[in-house]
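The same chain A turns up in both complexes below, where it pairs with chain B and then with chain C.
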Partner chain A sequence: MRADQLDKNEYFYGHKACAGCGGSLAVRAALKVLGERSIAVLPAGCMSAVGFNFPQLCFGNNAIISMFAGTASMLTGVEAGMRRRGYKDFHAVGLAGDGGTADIGIQALSGAIDRGDDILYICYDNEAYMNTGIQKSGLTPYGARTTTTPAGRNIRGNIRPKKNMFEIVAAHDIPYAATATVGYINDFIDKVEKASKIRGTKFIHVIAPCPTGWGIPVSDTIEVAREMADCGLWYLAEYENGKFTLDRDPGEFKSAEAHLRRQGRFKHLTDEDIDLIIKSRDEKWEKIRREWK
Partner chain B sequence: MRRFLSGDEAFAEGVRLAAPEVISAYPITPQTVVVEKLSEMVEDGSLDAEYIHVESEHSALSCAIGASAAGVRTFTATSSQGLLYMAEGLVYASGGRFPIVMMNADRSTALPWNIYGDQRDSLALLDTGWIQAYAENAQEALDMALMAYRIAEDSRVSTPFMVNLDGFILTHTYETVDIPDEEQARAFLPPYETENRFDFDSPKNIGFSAGPETNYIFKYKEHAAFERAVGVIEESERSFAGIFGRKYSGLIDTYLTDDADYIIVTLGTIAGLCRDVADKLRSQGIKAGVIRLRYVRPFPGKEIAAAVGSAKAIAVLEKDISFGNAGTVYTNVAAALQWAGVTAPVYNFIGGLGGKDISSDDVRRIYDDTAKGTDRVTFIGIEGDAQ
Partner chain C sequence: MRPYLRDKKTFTFEEIPEDTCFEAGYLVTENSGWRSVTPKIDAQACIGCSQCYLYCPDGVITIQDKKAVIDYDFCKGCGICSKICPKNAIEMERAI
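Moving on to the complex of A and B:
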């Protein structure tokens, strides 16, 4: 499905996300694919904070805020409850941030995958706790400056690599998992559509830049997201029937250095820091290209 | 049908009769028997429900909230550490007005670890917006399971309901219990109907944020629901008596209070021993009485004051302490009596922590000390050296 073939109805409309918000784009596109017979569960985080301000409620479909740690567990209950009411053709979809997914919500997510609950869990990844003011999460990349990993004289931002959420999820033998980016929105839309047709637990990890937290112009969201995949600092892949597939090999990488240098959160990095990032990217891709063909 | 059941088993029978559609629970002693029994009922088909093996208590309640938002009847059960782990979900469920029913096996909380009964777990969470009832015996536990759903789901109430059973003393003690038949249960408990649920024809955003301009209105509505709950509890008990032939006495249960000089106010299983001692004291010419709180939320302030009447002194006996002050039940009772203009002294006795036995001698001493006058707060069994 192409973006211009999407449902013309809006299901996430009138919210107060910042201009250029990648997360709101992911939520909007996903709900257009899933349509009116979907029930969205959003934990505490930017997307619930901007969309659920009584009396200005912005979801055109059924939606609820879950506890921060409870996206997956609430989805389980919603799915079971609606099924008990006799509904068959609906989607219980979670739209959770990186912190809500890889940190506080990972236990509930693991439990839901383990049970095989028929839910679609979408993690929009802006690589920090944005709603509370840009603090480090488990998906904050190496080197990034956040408000809890300041770039000072002694420590230069986040000293830990990004948690490998996609493979952690895949290790549960989940029926379907994929990575995506709002930079390649058609690919994301296809993956949401594909996931919506699979029974059992589905997981999509979509990169969604946050101009506010990343220190980029609001007009650059898509370009930066696309560049992140093109320079190899993100990858588009799927896990299905026990196998990994790489969906897109950018071949020769675009400059990772230029990609990092244009973002305020990486401004402080030294050449050595950037070399380290490139080295770990190359190691990752060596493995991806070898194993995910 | 009469059967010999433990409190946990009896409660599970009550849940079966209430027929929740989604059950999500995580095991913890001394609640485990309930979830095991319910699993067996789901397996053998005597209960047609989704039994969801959640990976934590936080998820148990989160899942129940999700199912309740979908519009179906739900059940969960826990105890102690599990209840505390659910704390975030407790306020979430009540704020969202989801009439979830939970059984809590009252148990001590770590540290030090202890699996035995006291009431510090549930009383610590009194302010989370759940109706809190305390059963005294297995029959009442079963009956409360049914009544809990009817009261919680009543549209005038729409508030989650926690039924508390003293750990081991009630959860694991066997009694002969009358199990109502399913037809009676259906007559008493109508199917759950609500508008507070997802709807594909008219989509709903529920569980939202509300700023300072409106937040207090939502909170006031929660409070007002508790005031209405008092009448709904009475109504439900009347209907219950009509269908099942068993009568309950509303928020409190009184024993020989009409002319009593000295009254123990307490809750849970220990009330039986208190009544026993009151009988003995009466035979010695001492006018002793007992008030058992069946509900702590809504709090029976007026009812307690009316039952206390012109008693000379009152004791509050509880298995709980709010460190740095007094027992939580005591502060509630004392405030209610003060408000009602009762001037008799009110003393607090803390006992049974971590499952420590409260003996009839202990209860007799409580009556003695109350008659003579004593400290505001007394820890039963702590004297001299222990301090």
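Moving on to the complex of A and C:
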């Protein structure tokens, strides 16, 4: 989809997200694709916190806050309610954080996929519970410093790898799942558009850097997001009709070390820690290059 | 259409809605006070490529007559537009 084909209206405007917030760009872009006939469900998290501060209400479309765990179940209800009332041409879209998706909301999401509900679930992944002050989530990467995974003398940040959310969702045999990044916004926009035309449950996992939690300058959000995909610490892929496809192979990776070292949350990592991250990246890519052609 | 600033900015306790429903896109405050630097577009250099429009997290850029235009009421001065511009047509100035 070209820029001039996008809806000129803005549906997420005047919000109170930090300057340079990647999550707010993901929400803004998704709603520009889905348009005014979308009903957005946002669980507790940064995007609901910055979007609804009565009387400052920043969504131009219908939007509602759900309980933290209940994004997908509320989407199920919204979709069924709209259908029952005779509406046809609308989108029930969830815009949930990584904590809200991979941890507390995973059961509701799994249930919705199992029922095959006609909803689009978008997880904007800033890799921690940002709205409550940067705690580790299941999608926080290995080595990252958060307030619950501090970097000390014995343990250097998060000791667990990032949960494999895209493949967990795909394992449900969902009609459509994709990964994306705000760093390549056209790719994200195309995936939202594609998902909006598919019936049944759709899931998009979009990386959305948070300058506040990642310790990067507010102007660097897009650069860092791009770099993450270019150095192989993220991948752009799709799952459709039971098949995985790798959308973009960066070929030779950009320096993962430089990418990690420019972020405050990884400053404490030793060379050995970084080698370990690179080794697990290489193993992952060996597998996806082989299997997801 | 986009959410826009309204005239009525304060509400008495009785006027606050009891349920969760209220008008969409109802704004009462600007974000311009957040800026410490301000993007300035060089209209001569701008080719209207839309990159800044696509990547602005606040959605404050529009392309008018093939040139980028900023709504300064809601620009936070993050500088993403300036970094993304392929023509270096956006300078961040130390001024609000």
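Points to keep in mind about this one:
As a working rule, the second predicted complex is superposed on the first by the 290 of 293 C-alpha atoms of A that agree within 3 Å, B and C clash if a C-alpha of one lies under 4 Å from a C-alpha of the other, contacts with A are read in each partner's own complex, and residues count from 1 in each chain.
Convention: a residue touches a chain if its C-beta (ideal position, glycine included) is under 8 Å from a C-beta of that chain, and two chains touch if they have at least 3 such contacts.
Every value quoted in this text rests on a predicted model; they were computed, and no experiment measured them.
With both structures placed on the common chain, the touch criterion links A:I274 to neither chain B nor chain C.
Of the two partner chains, neither chain B nor chain C is touched by A:I198. When both complexes are overlaid on chain A, the residue A:L246 reaches neither chain B nor chain C.
Look at A:I168: by the touch rule set out above, it reaches neither chain B nor chain C. When the two structures are aligned on the shared chain, A:T221 is found in touch with chain C, with no touch to chain B. When both complexes are overlaid on chain A, the residue A:G60 reaches chain B and chain C alike. In the superposition on chain A, A:R85 makes contact with chain B only, not with chain C.
Of the two partner chains, chain B is the only one that A:Q107 touches; chain C does not reach it. Shared contact residues of chain A with chain B and chain C: 36, 54-55, 57-65. Note for the complex: chain A touches chain C at residues 3-4, 8-17, 19-22, 24-25, 28-29, 36, 54-65, 182, 185-186, 217-223. Of all residues in chain C, those touching chain A in their complex are 1-3, 5-6, 9, 11, 16-17, 20, 22-31, 34, 50, 53-60, 62-63, 74, 76-80, 82-84, 92.
Touching chain B in their complex are the following residues of chain A: 36-37, 39, 41, 48-49, 52-55, 57-67, 69-70, 72-85, 87, 90, 107-108, 110-111, 114-115. Of all residues in chain B, only 21-22, 24, 50, 52-56, 58-60, 62-72, 74, 88-89, 92, 198-200, 203-211, 214 touch chain A in the complex they form.
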